[in-house]
Every structure is written in C-alpha cells, then in structure tokens.
Amino acid sequence: MGLSAATIKEDFPILSRTIDGRPLVYLDSANSTHKPRQVIDAMANFMRNSYAPVNRSSYRLAAESNDFYEGARSRVQAFINARKAHEVIFTKNATEALNLIVQSWGRANLSAGDVVLLTHMEHHANIVPWQMLQAEKGFTIRWVPLTDDGQLDLTDLDRLLDGAKVFSFTAMSNVLGTITPVRRLTDAAHAAGALAIVDGCQYVPHHATDVHALGADFLAFSSHKLCGPTGVGVLWGHESLLDAMPPFLGGGNMISDVRLDGFDTAELPSKFEAGTPPIIEVVGLGAAVDYLDSIGMAAIRQHEMDLTGYALRTLKERFGDDIRIYGPDNVEVRGATLSFDFRGIHPHDVSQVLDQTNVCVRAGHHCAKPLMRILGTPATTRASFYIYNDEHDADALADALDSATDIFGF
Amino acid sequence: MPGLEDLYREIILDHYRTPRNRGALDTPPAVVAQGHNPLCGDEIQVYLLVDGDVVQDVKVGGQGCSISQSSASMMTQAIKGKSVAEAHRILDAFRRMMGLEVDGDPEDVNLGDLEALQGVVKFPVRIKCATLAWTTLAQAMDDAGA
Amino acid sequence: MGLSAATIKEDFPILSRTIDGRPLVYLDSANSTHKPRQVIDAMANFMRNSYAPVNRSSYRLAAESNDFYEGARSRVQAFINARKAHEVIFTKNATEALNLIVQSWGRANLSAGDVVLLTHMEHHANIVPWQMLQAEKGFTIRWVPLTDDGQLDLTDLDRLLDGAKVFSFTAMSNVLGTITPVRRLTDAAHAAGALAIVDGCQYVPHHATDVHALGADFLAFSSHKLCGPTGVGVLWGHESLLDAMPPFLGGGNMISDVRLDGFDTAELPSKFEAGTPPIIEVVGLGAAVDYLDSIGMAAIRQHEMDLTGYALRTLKERFGDDIRIYGPDNVEVRGATLSFDFRGIHPHDVSQVLDQTNVCVRAGHHCAKPLMRILGTPATTRASFYIYNDEHDADALADALDSATDIFGF
Amino acid sequence: MPGLEDLYREIILDHYRTPRNRGALDTPPAVVAQGHNPLCGDEIQVYLLVDGDVVQDVKVGGQGCSISQSSASMMTQAIKGKSVAEAHRILDAFRRMMGLEVDGDPEDVNLGDLEALQGVVKFPVRIKCATLAWTTLAQAMDDAGA
C-alpha cells in the first residue's frame, strides 16, 4: 500500500513547470499545497456545466448545483467521521472557523475571571481571536509550555486546566512539526470541565481523522492545505454546541425570518453560512477529499513518516552541527514539517539561495511569533513535505544548502 | 531570471560580515526608532543624534538578513556627518532606487556603495529588507524633528 | 457600442448546455451570474502554473503568485475608481463585507441612543448585521419607506437622517430593480453628519462605478454576481476610516506583532484579511473585471436598459392585468430585475412550470422579507437579465408563462 | 427528467382549488402550531383539537403553493376523526414516502389520495413544500400532548 510520489506528482500540473529550466522542488506545503488536476477539473467542469446558486432557487439547474454542494458536505463529513452532515460548516478558511468559535461561543460564554488555555506552539489564528475577545471581556489566557525538544510539556496540565472553560490547541505544530497527543488533551480538558477545540490545519491533511476518536468538541481546518482550493475552510462542531450558539455573521441564508424589529435564526448548517457560500470552492474541496481518500490517509501518513525520517537523517549526516532542526526526532510524534537553523545564516538568505535551484521553502515566523520568541530566534527556515514529495526533494534541499554554505559560510 | 550574483555583491557581503556603526547611543540626547519586517520578524533599532543641522552620529541595533543588515550599515556610513538636508536627499534617492514612490522631483545624488543594492529591485520580496533601516531612519528623523 | 448578447453567450460554456434537449434560459443573474471561459481558464491556469501562498513566502513562485493576487487588487481598484489599492479589502462575499463594517466600525462607534438609517428595500445582508449589533448596543434603527411604484420615498429623508450616525442603503434593489439616487443619498447623509454605506451588490455588476462620484464612505459587492467566482467579495472604504477601525477577524497576516500578552495590527489591506485569502478566487475576480471592462460597463448598462424596456413591454402586452410587475416602469431608474405576480399563481408553481422549458427564475422572498411584507406577499417570481440575455430570453419567459396559465389559470 | 404531470396531478390541483378544512379553531380547547418554509416564505397554521385519543378536528390557515396547500388539505382529510395513534402512523408513512428518515420500522399504511404526492419526490426542492403542513402537524400533536 506504499504511495508513489512520482505517480502522484503527475496529477499536479504545476509540478511539471520549470523555472530557469529546472523543475520545482516545492517544500512549502505546510503553508499551502498545490492542486491536482482532479480538483482543477472538478471546479472548471462545475462552472462549465452545473453552476447555479444554492439554497435559494428551485429550478433543476439549481437543484443540481445544490446536490454538488451538499454532496461535498457529506464527503467532508465522512472524511472526518462526523455524525451529522449539518455539523460541517463551511467558512472561508480555518482562521474564520476559529474566529467563529471565539466570537459566537466565546462571547456568549466567557467573562472576566474565566480561563482560556492555549499552548506556546499555537498559530496566530488560535491566539489573536482569543486576545481580541480578551480585550473585551477580561478573561485570563494561560499557556501550556514546551519541552526542550519541542513537545508540549504536560507536567502541569491539570493545574493549568483547573478552572479553565476551554482548551484550544493545535493537533500539529506548523513550525516544529510536533504532533500533539490530541486524545490525551481532550480527555484532560473534559475531565476539568473545559471544551476542547482542535486546530486541525496541519493534522487533517496528513492523518486519517475521526473527530470522535479525537474527542474534540470543535475542529477547524482549511481546504487549501489538503489539495483543495483557497476560499473555503471547515468548522466541525458537536450539534448540541452549534445549536446552542448565537449566530456569527448576519445576512441571507442564516435566517428563518426577518422583520423590521428582529430576526429568527435558521437551522444548522445555514445558521453559520451567511450569504452566498463558496459554492465552487466547496465542490473543489469535495474533489480534494476524494483525491486524498483515493490515495488513502494511512498511506499518506506512512509516506510522510518515511520521508521525514529520510530527510532528518540526510540533513544530519551531511551537515552535522551546522544544522539545528527544531522539534522532536521521533517520526511517530512529528509530521513532515522541518524548521531549522542553518549555520546561523538568516532564513531569508537561506531561502533566497535555495530558490535559485527552485527549492521553495518558507522563511519567517510562520505566524507563530510567541513560539519564535521562545525558540529565541526571529525566524526559521521551514521545509515541509507532502504526498508529491520524495527523497529526491530531500536531496535537492541538502544540495541547495551546500550553495548557501558557499555564499554565506564565512 | 536574475541570478544570486545580482543580489549578493561582494560589498554587500562585506558590510554584512563586518557591519559599521553597530550599537546604541544614549537617549537622550539621541533618539531611537524601532522598525520591523512583519514578513520575517526582523527587528531593527536606529539611534540618531542630530546636532543642529548635522547628523552627528547614527548607530544600528537589532538583527536581520544580509540585505537588511548591509543596507543599514551602508546607510550609517552614507549619512553620518552629513547635513540633515543631505541625509534627506540620500534617503529619498535610496527609496527611489528601490522603486518606491517619493514626493518631489528626483535629484542627482551619488549613493556610493549603496548602488550595490540596486540588484535588490529584481527581487521584489527583498525590497522590504533593503528599505527597513531607511524607513526606520525616516521615523527617527521625524522624532528628532530633523 | 452595442453589445451582442449572442456573441457574449458563446463565452459562457454552461449556456450551451441543454436539459431535455433545450438550452438554458438563465434569468437568475441577480442571484448569481454564470462564469465565462475567460474566468474559468484564468483560475485553472493559475492553479496549473502559478499558484503559491501569498504574503508569506519569498521564493519566485510565491512572488509570481503574489503579483497575480495584488494585480487583481489593482484591477478592482481601477474598476471602482478607488484612490488606493489598499482601500480594496477582499472578503468572502458582500455579506462578510457588510458584517465587517458593522462589527468593526459599528461596534466601536455606535451605542444606545444612536440612530442607524436603513431602507425598506434592503437585503437581509444589510439588515441582520445591524440587528445583531443592535441587540448588543441598543441603538435605534430607522427605515426609509417606499413609494407606490417601489422607489425610496425621500419626503422625510432629512428628518429620518436627523441624529443618524450612519445611513446604509442599496444602490439597486434585488427585488424591485429600483436604482436608488445614490449621490443624493450620500450627500444627504453627509449633510446630516452620517456615514454613507452603499450596498453595491446589484449595482456594480451593471454600471460603471466610481466610489468618489457616488460619494460613498464604504461600498460592498460580491464577485459571483459579476461573472467572477464564489468565495470572494469586496469591501472598499476610505483609507482614513479603515485605518481608524479596529480589526475584524484575528489571525495570520492581520498582525504586525503577536506576543503572549497581546498583538499589534498590520497595515491596510492585510489588517482586514486574516488568514489565507481567497487567492485563486481573487485571480478569478480580476479576470471577471477584465472581462466586463472589455465589453464596457456603459454598453452593459445600455443593453440592460434596452432589454428591460423590451421585457416590460412584452409582458404587459401579452398579459395585461394578469401580470403585476413590481418597481418603477422607467428604465432610467431600474435595472434588469423584474419581480412580478402572475395571475395570483404561487411563485413556486410559476417557477416550477417555467423550469420545464429551462426558464430559470427565482421564486421566494429574495432575502428581503421586510420588503415582502410591505409588498403584501410572502414571495414573488423574479426574472433577472444580464449581458448574456437577449430578447429571445424575454420571449421565452413570456411563452413559459403561457404554460402556467394552462395549468393554473383556473 | 420528470415532467410536470408527475407533480401536478389532477387531484392535487383539485385540493389546491378547493382546499378542505380551511380556517381556524378556538384555542383553547384546540392548539395551533406555526410552520414556515424559509425558502419561499410560505406560512401555515395547523389547528388541532384532540379529544382523548381521537383527532376531533383539524383546520389549516395561511398560504402557500399548490403543493403545500394541497398536501395540507389532504392531510386534514386523512387524519380527521382518526385515533391519535393512527394519525401518527399516517404522519410517519407520509414522511417516509417523501424520503425523510423516520425512526422505527415502516408500517403498511394506506395513504389514499395522498399517494398522488409521490411524484414530488422527483422534485427535491418541492419536498419541503409537501411536508410543511406535516411538520407543523407534528408540532401541534406535540403541543397537544398527543
């Protein structure tokens, strides 16, 4: 059941593009993945043949379009093993999904004296929305610290959770690659009477995901990180929670009635899908989920473990102490995202040199500035691998680092 | 496609390796402005001591990539000891060289070593690196009322 | 400078689709328009050749992708004659744009005792967000009433505006087709010291738009109603207003710094574009704007006036008192959106019969329930025309109404 | 593609033209439930008078399309005078015919005229029209504790 990255690569038109006569070595998938022709074609064909507004019109073309849209919802539901299709809410990205939780659930449920628990490895999307509401409500934010090898330090977890109303954490760090012990964390949250919110942005694209096995109350992730288009994200939540929450954005589709003096809210999922939804993008997301399913999430995870192991070994063998790779060594608890410091050369310079041979990596704070401060660096270089990458890409990365030594190795 | 040699000229690497005028100045009498590049998280401090009409001293703290650091280093050399008016002319000329919009008509200013940074224009993402010290300088000049 | 709908139709692949052997007569463009191959191809080609994350990574592919994204912003800027590109904020749809104004500007500036002025012809997207904030803040909402022929009744405008902090209104009704006297309304708002917010959803796709000539402070519209993809909308606002507003959604890209104890906000436009933006969709929107520009907005408006005139005449000649068309008769003050009552037959039944010959119209409340109550009907049938429609489509509508008479004309 | 004749059967148009049991009942002793279809804005009231185990009377107010009105009219005929248990059986059977999920095993129920609404299933958007009166009835039964 091994996965052939070479075969998969052929599904991605952009990966046969060359710049300066060389192919792309795309190692920025933690940022956003490329799109296979299956997704590109699904979107284009939908626009060519079946596009129409959904939820509103009753002619056959609209019914057909609606079937595409709701069909994709069912496929996403199955992909994360949700019990009900209407627990799957389409947002514009994971960031909106997290803001929705904070603004709707948070504003209704949090007040001064309450405690929200986050971790030191969160993405800004799981920090700033809480800080914005904190400025209004005055609750306390606590943080789970990290161990030296970049895992969550759970020594004090029970104390940190004591009195917390919510624990919101990433299932995998977009900087360190660390996979967090989700089930243990959701269990601890629930034992303390807190809600468990899982940021699945870096997890769902790489692992078979079962919201119930994870024990999550909410899960957020983005289409564009799992071979789907931009413009759509997913919020999954327990029906009972979503039902009890006030609406987030107001407008068409989220109402059951509007009068001059007020409105009534629609049922799920419409309640949280105000205005014209990202119809074409949801169809693309459905195709992306099908595509990943056809490869198999277990095969994907295995491929990434193998590739991560190979990349870690290669980089350490070739560069020894000249490279410092953040996060755990054990591929069982890390994904294929490698942030590193190379000979103290500034990440911008590293990525610039790498780019000369089309090795595309990200240099920067990766939307995790609190974590950067804890790591003691303003920025790292990050190489992240996905289904279309293989050992050649890891080698290309290492070769490109040699050129960085040539220029900056003084 | 532009090559790396357009970017990493020897003089740039030299300023990066051995930056001139690193450090801090007492504030007051000097002023200090903070700059940062949200893209990569680089942070820089420009300390400026203006005495009457003259840029008496200037020093740079913080960290950054080769382009931002060398640009800062060359900047300090270019303006230190110059009149405030001349510093403004250099500032404007440098920004123009980086392709930024500047009010007023271009003047003929010799940028010396700084010309080596011209190649940065071919790497649009790096322009922010090259201009970071200068934007921060502009703020320091403002703060100093210069 | 006449426009050839037949030629334009060829640009829209879906319009050559047949159902039951007949072509589509698509008359639901006020709801959402179809997409020309220029837009479909721009999106597909972008995904095939140039896709990469924007704003974050520094390799050449990312710079290229960024140029596509920011290039589209400049084209939208030019399309509405905005002074600065960064006054153009990409949202997920017009609904989000309006919610953004209400939640950011409104929450910071409105309190009990304040007055917000709306009109009786607003879409739910320009009503419900205000009602949601009203529930929190307790300000007063006043309404501009309508004349018998479905225009705004401005007799009492000055009194209604007295003490108002904001006047938010549509430039064209999505039900009545009425075009409102935008400049007169923005002038009146400003004279009273109120902000003028223009819902341009039904206006921008059909008219040359100049935000300064309109005198607007904010303008909101959606891509999917002007031949662009779903998943992206536009908020334009005066730089000075946008600069002074607090952020809306929190997360990546909208910050300049994040610490454990708080964050600093980024400059425009990033400040209001939290998370990964709808990159592919913005590229599609740019192509849509180019497409409309290549036809010419003046030609589009002229075409729609001619076609509206033809449709109004045809329906009245053929059905006399059996049809009641809402809104003004004068095509100078109405767009190509015709809501009507046909022989008292329920709109759902009318649209069902029309659908048998692929005449696609919308039946319902059109997200304007307060207006429906004022019109004294729960629903209308609405036929709306766009650049790809012509007199044949108006005739097909009339022919299809004959069948409705056959079945329900008892 | 299904044709209009699948939808607009003569019996349906007949109930639409001359709806049975239109009007209201005094509440109390009757209960009234409100239903509406958010898609088209249709609103309906179902008045229900339950006496002991029997649906003594039922009336329908409000307005809607041919499908929702005729469905409501046929519904009143089907349940009026029936036992509460029988009314529930009819309700479940009708919902099943419309393709909705219903708890429990399907029973053999003769729906009579209501069978004419079977064609609606081929027009998924109209299912909500056909079921509006029934969802509202279910609520009225709840309210009546029946």
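Remarks
Each chain carries a letter (A, B, C and D) given by its place in the written order, and its residues are counted from 1.
Everything that follows uses one rule, which is that contacts are C-beta pairs under 8 Å (C-beta built on N, C-alpha and C of every residue); 3 or more make two chains touch, one makes a residue touch a chain.
None of the values given here were measured: they were computed from a predicted structure.
Among the remaining chains, those touching chain A and also chain B are C.
Chain centres here are Cα means. That of chain A falls 31 Å from that of chain C. The centroid of the Cα atoms in chain B and the matching centroid in chain C are 46 Å apart. For the pair chain C and chain D, the distance between C-alpha centroids works out to 38 Å.
Among the residues of chain A, those touching two or more other chains are numbered 19, 56, 58, 60, 62, 255, 257, 348, 352, 363-364, 369.
Annotation for chain D: residues 1, 39, 123, 126 touch two or more other chains. Listed by label, the pairs of touching chains are A-B, A-C, A-D, B-C, C-D. Residue ranges on chain C touching chain A, taken from their complex, read 13-14, 17, 19, 24, 26, 28, 31-32, 34-35, 37, 39-41, 43-44, 47-53, 56-62, 91-96, 98-99, 102, 123-125, 127-132, 135, 141, 143, 222, 224, 229-233, 247, 249-255, 257-260, 262-263, 274-281, 348, 351-352, 354-355, 358-364, 367, 369-370, 373. Across the complex, chain C is touched by residues 1, 36, 38-39, 123-126 of chain B.
Chain A contributes residues 19-20, 346-349, 352-353, 356, 363-365, 369, 372, 378-379, 407-408, 410 to its touches with chain B in the complex.
Residues 1, 3-4, 7-8, 13, 17, 39-43, 63-67, 123, 126, 129 of chain D are the ones touching chain C in the complex.
The touching residues of chain C, counted against chain B in their complex, run 55-56, 58, 60, 62-63, 66, 255-257, 266.
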